[in-house]
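Listed below are the structures to be examined.
You will see chain A twice below: alongside chain B first, and alongside chain C after that.
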Partner chain A sequence: MLPLARLIDRALGPVNGPLETGRSPPFWLIFLGVVAVLVIAPSFLSRYELLNFSNFLTNIFLALGLCLIWGYAGILSLGQSAFLGLGGYAYGVVGINLIEAHGNTWLALLAGLGFPVLVAALLGWIMFYARLKGVYVAILMLVVTLLIETFLNQTAGQGWSIGLAHLGGNNGLGRFSGVIREPPSLTLGFSADAMMIFGGKTRAFYYLIVGLGVVSYLGLRALVNSRLGHVLVAIREDPDRTETLGYDVRRLQLGVFCLSALLASLSGILYVSWGNFITPNVFGVYYNILPVIWVAVAGRKSLTATVLGAVFLVWLSQKLAIQGDIAFVVLGFILLGGMMLLPEGVITGIGERIGRLFDRLGIGAATRGGRHGG
Partner chain B sequence: MDTLTFIVSLLYQYADTLALLLLAAIGLIVIFGMMGVINMANGEMMMIGAYITSFSYYAGIPTPLAVIFGGLGAGLVGIVIELLIIRRFYGQLLASLVATWGLSLIMSQGAYLLLGPLIKSVPTPFGSFGVGDLSFSYYRIFIFAMGLALVAAVWALFAFSRFGLHARATMEDPSMARALGVDVKRIYSLTFGLGTGLAGVAGGLLALTSTIGPFYGQTYTPQAFITVVVGGGAEIVSGLLASALSLGLVKTVVMNQVNILLGHVAMLVFALVVIRMMPSGISDWVERRRSQGRRA
Partner chain C sequence: MAAEPLLETRAVSKRFGGVQAVSEVSLKLAPGELRCIIGPNGAGKSTLFKLLLGSIAPDEGTIHFQGRDVTRLQPHERAHLGIGVKFQNLAVYNALTVRHNLLLPLRHQFGSREVEDEIARLLARLNLVGTEDRLVGSLAHGQKQWLAIGMALAMRPKLLLLDEPTAGMGTEESSATGALIQAVTAEGVGAIVVEHDMAFVRELKAPVTVLHYGRVFAEGSFAAIEAHEEVRRIYLGAARSERPRRLRNRQP
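Up next is the complex of A and B:
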């Protein structure tokens, strides 16, 4: 084997493994290319395109979290956007209250990440420690999110305020409530005079999302290919047998569920930071079915497919939304068609075909050979 | 308000809540109990039932027949869905869940595109009666009776008919049932059709009390799911009844004292407490107790 290939192989060790598609050198070359394009994108995209693209990218964390629990650990949640919403609301409420006094949003960020994880821990403790059936977990999460939506929709009255933040009923938090205070963009002070404001229109925000996206993607790849990731897959395949091998299935399910809530809440915080508003719609049926569509159609057992699928389908939804109400019917057909024709996912299917082509051409053999040879 | 009025109104609310829970969940729990499949399009089946009821009513068909048409229509749609879609996902419960969710999206949004945000609602029959200074609708009482009647009918169907015998055998052990000559696939199609048909009848009955639109059925979704989760799938009829009776009580009391939203929240909290102790629902818990008793 070429020494260079071996070096690359070793460097990619932690993120490469049998539990993720795309591990050949050509894949990583393409990956580097994509990252490079993302880095230089602000120089050739218009201001509006960049703003729009940033918005697409905020969804990646939500999608990755669902992919992790559903595709790898076998836990389907139909209410995953609840954590996005709780994160966004918690961040917004704390941000509105503290932005003037503190000048930054560190505490709001902490609240936005912490609150959904606490809720996930409580719900997860009840559901996983009761060893609840998978379908029950799925529909209970939907019930939870729909009730939160109903609750928030009736908070239009003046009594529904938390400090300076008015919950605003179905107008949500933001300038639409007729209230001057809107949730602030992420404002992070790194030292006395180095303050960064990550507003939706800024390049800083775009680079923050790209950075967080790449880190999350690589981090999750390392996670699923670690020993823990293999145990998660074992739980997906057969929880009882995994338990017999000495693993505490309930604790691991709870842990991975909380991690997915953390990722979803990151999407929520970024969403609020991007547009300075959030409405109870994010708890509704449509916001919750969207991540399920992305992950199911793209390929739930692959983080790579999920990221690509989420970005493509969000883009497609936006194009369709311009055509009027037809968007959700089309997305429904995409979901149903995808589930029936390519149950493992469209992008995963294409990826495997490309992989087989590489194998036949002998390109991917280096990595795989290295792996087996030790 | 005097004591009598208060008691009557509380009982009336309880009956009304029970009717809602029974009707919203019956189709769902029949399919779940028999096939393990959660039909995410249950609300849309109620919507179809309601739409057919409304169209039939305005075509001059008598109301009771219109509701029956609603049930038959939804039942037929269910059988077609089973043949085309559900069949491909036998043994993959989460996949069937997601597929029926896609279907629900297509049907509700499709109805919205084709027929608009509202259709003509059907007038509530029977009038009302007064106790103290409050007035109550006879039709609500009738719906409650119909909810119980449907549960009884489902029980009788499974207990006494040939289909019921085959269905119970399939539920117990599909491969053994198949070996004994039961056409398991046909049983599954018919069961799915039965479940969606029941949802259709429920949708038709409830349509007479509210406005009807494409998302009409979805408003019942949270309550229907909670009822199924608490009831479990081990015993369809007893599970549904036990679940509706207990949840209905919780909701009625909280609704009466505070408001309807907290009534729903209280149901969810109650459900979470129940599943913490009986993860597979009340019916499974009772079933297990009973079989332990038999062994001892």
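Up next is the complex of A and C:
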């Protein structure tokens, strides 16, 4: 092997492994290409397109978190969007109260990240220490998120305020009259005259999302290919067995569940920062099933597939929505067909076929089923 | 002074709703001792197995391991004390390589350099040399069973709990498995084998405990149990109805 190739191989060691599709040199070249395109995108996209694209990208953290707990650790949650909502609401409420006094949103950011993780820790403790399994976790999470939705929908009265923030019933947090304040965009910086405001229309917001996205993606790849990642997969395949090998499955499930909540809450905070509003809809069935569909259709056992699937399917939904309701039926059939033909995920399936083609051409071990390359 | 038993259960009982699955079972196992637990379907073998490994807790009675009360300890805690388990089903991780399967238990006790020697040693012992980089999903059935036993051994247990270790194996593979279990116990590891394949139990030449309706029905050498009139009646009667299942298990 060329010294350069060996150097690259070593550098990619932590993020390459048998538990993720795409670990060949061509894959990483394409990855670099995609990042480069993302970096220069603001120079060729219109203002509206960039705004829209930023919105799509906010979802990838939610999807990555679900991919981690479902695809790798075997925990399906049908209420993952609840953590997005809790993150958005917590960020919004604290932000509304403190933005004028502080001039920044550091505390709101902390609340937005911390509150959902706290809730996840409590729920996870109940679920995993009671050894709830499979479908029961999924249903319990769905019940929790619907309860939150029901509760928030009846907070229209003036009594439902936290400090300056009015919860606003099914209108949610946002500016609907002069009296009601809207949640601020992320305002971060270390001195009053050097504050960066990450509003949805700004390039700063776009670059923040792209940066966080790349870091999260690479970080999670390193996680799933680490020792801990192997234990997570072992828990997915057989939790009882994994316990007898000396691993406290309950604690590990709780930990990874909290991490997924953290990722979801990041989506929620970014969403509020983007549009300065959030409604109880995000706790509803539709918003909780969507991420499950993205991850399932794209390929739940692959972080790469999840990111691509989430962005593509949100884009497709929006394109089809312009055509009216019939478009959702079309979308439904596309998803159904994809899952029947490639049950492990459309993108994963295509990725494996490309990998096998590369193998045949001798361009390196790219397939999931191939030999362990790092 | 008599040596301290490796494992001791004192009148453990477990009830599921209206069913008394295990009733006042008291067992003693010395270090290096091999014991078979047999009984017809529904005799409480699986429940007793779960009580021993810790995935369920008894309603009454206590379980002691090396003199320590482990009744309320979780499976992972018992694993660290030295209780290795091999389940009846194929409890290997198909999505990981043979190497990574073995690393899961090995990483608790070995540094990165010693672990390689340990993997090589286990692979040799399990007749799995050359398979380390293969995904477990691609192994043959018997190889998977052996890997599962190997993962239990990788915990360096003092007690090995084996639930039907030869399920689905051919005669030759069964014999080799029996030899492996005997070799391990000869090294001082206690072992409890839950089994209903009488041919395999005969081959192990170990003392046998018979469970029936959750109680210890009889105990003794295999010859004594085989000659036991009552055991023949309850066990062979049930064994006849189990024959189709065993035939199915025999298929590759």
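The rule is simple: the second predicted complex is superposed on the first by the 344 of 374 C-alpha atoms of A that agree within 3 Å, B and C clash if a C-alpha of one lies under 4 Å from a C-alpha of the other, contacts with A are read in each partner's own complex, and residues count from 1 in each chain.
FYI, contacts are C-beta pairs under 8 Å (C-beta built on N, C-alpha and C of every residue); 3 or more make two chains touch, one makes a residue touch a chain.
Fair warning: this is a prediction, and the values are worked out from it, not measured in the lab.
Colleague: Should the superposition on chain A be reported as showing a clash between chain B and chain C, or a fit?
Modeller: clash
Colleague: Please work out whether A:31 is in contact with chain B alone, chain C alone, both, or neither, and reply first, second, both or neither.
Modeller: A:31 contacts neither chain B nor chain C.
Colleague: Identify the partner contact of A:331: answer first if only chain B is touched, second if only chain C is, both if each is, neither if none is.
Modeller: first
Colleague: According to the stated criteria, A:132 is in contact with first (chain B), second (chain C), both, or neither; which is it?
Modeller: first
Colleague: Considering only touches as defined above, state whether A:285 meets chain B (first), chain C (second), both or neither.
Modeller: It touches chain B, and chain C stays clear.
Colleague: With both complexes overlaid on chain A, does A:227 touch chain B (first), chain C (second), both or neither?
Modeller: Only chain C; A:227 stays clear of chain B.
Colleague: Determine, for the superposed model, which of the two partners chain B and chain C contacts more residues of chain A.
Modeller: Partner touching more chain A residues in the overlay: B.
Colleague: First (chain B), second (chain C), both or neither: which does A:340 touch?
Modeller: A:340 sits against chain B, while chain C stays out of touch.
Colleague: For A:154, is the partner it touches chain B (first), chain C (second), both, or none of the two (neither)?
Modeller: first
Colleague: Go through the superposed model and pick first if A:245 touches only chain B, second if only chain C, both, or neither.
Modeller: Only chain C; A:245 stays clear of chain B.
Colleague: Overlap of the chain B and chain C footprints on chain A, residue-wise?
Modeller: No residue of chain A touches both chain B and chain C.
Colleague: Considering only the defined contacts, which chain B positions touch chain A in the complex?
Modeller: 32, 36, 38, 85, 88-89, 92-95, 97-99, 101-106, 109-110, 112-113, 218, 221-222, 225-226, 228-229, 261, 264-265, 268, 271-272, 275-277, 279-280
Colleague: Quick check: in the complex, which residue numbers of chain A touch chain C?
Modeller: So the residues of chain A touching chain C come out as 18-19, 227, 230-231, 233-234, 236-238, 240-249, 301, 369, 371-372.
Colleague: Name, in rising order, each residue of chain A that touches chain B in their complex.
Modeller: 70, 74, 76, 78, 123, 126-127, 129-136, 138-140, 142-144, 146-147, 150-151, 154, 285, 289, 292-293, 296, 325-326, 328-329, 331-333, 335-336, 339-340, 343
Colleague: Give every residue of chain C touching chain A within the complex, in rising order.
Modeller: So the residues of chain C in touch with chain A come to 53, 55, 74-76, 78-80, 83-85, 87, 91, 93-97, 99-100, 103-105, 107-108, 133, 135, 151-152, 155.
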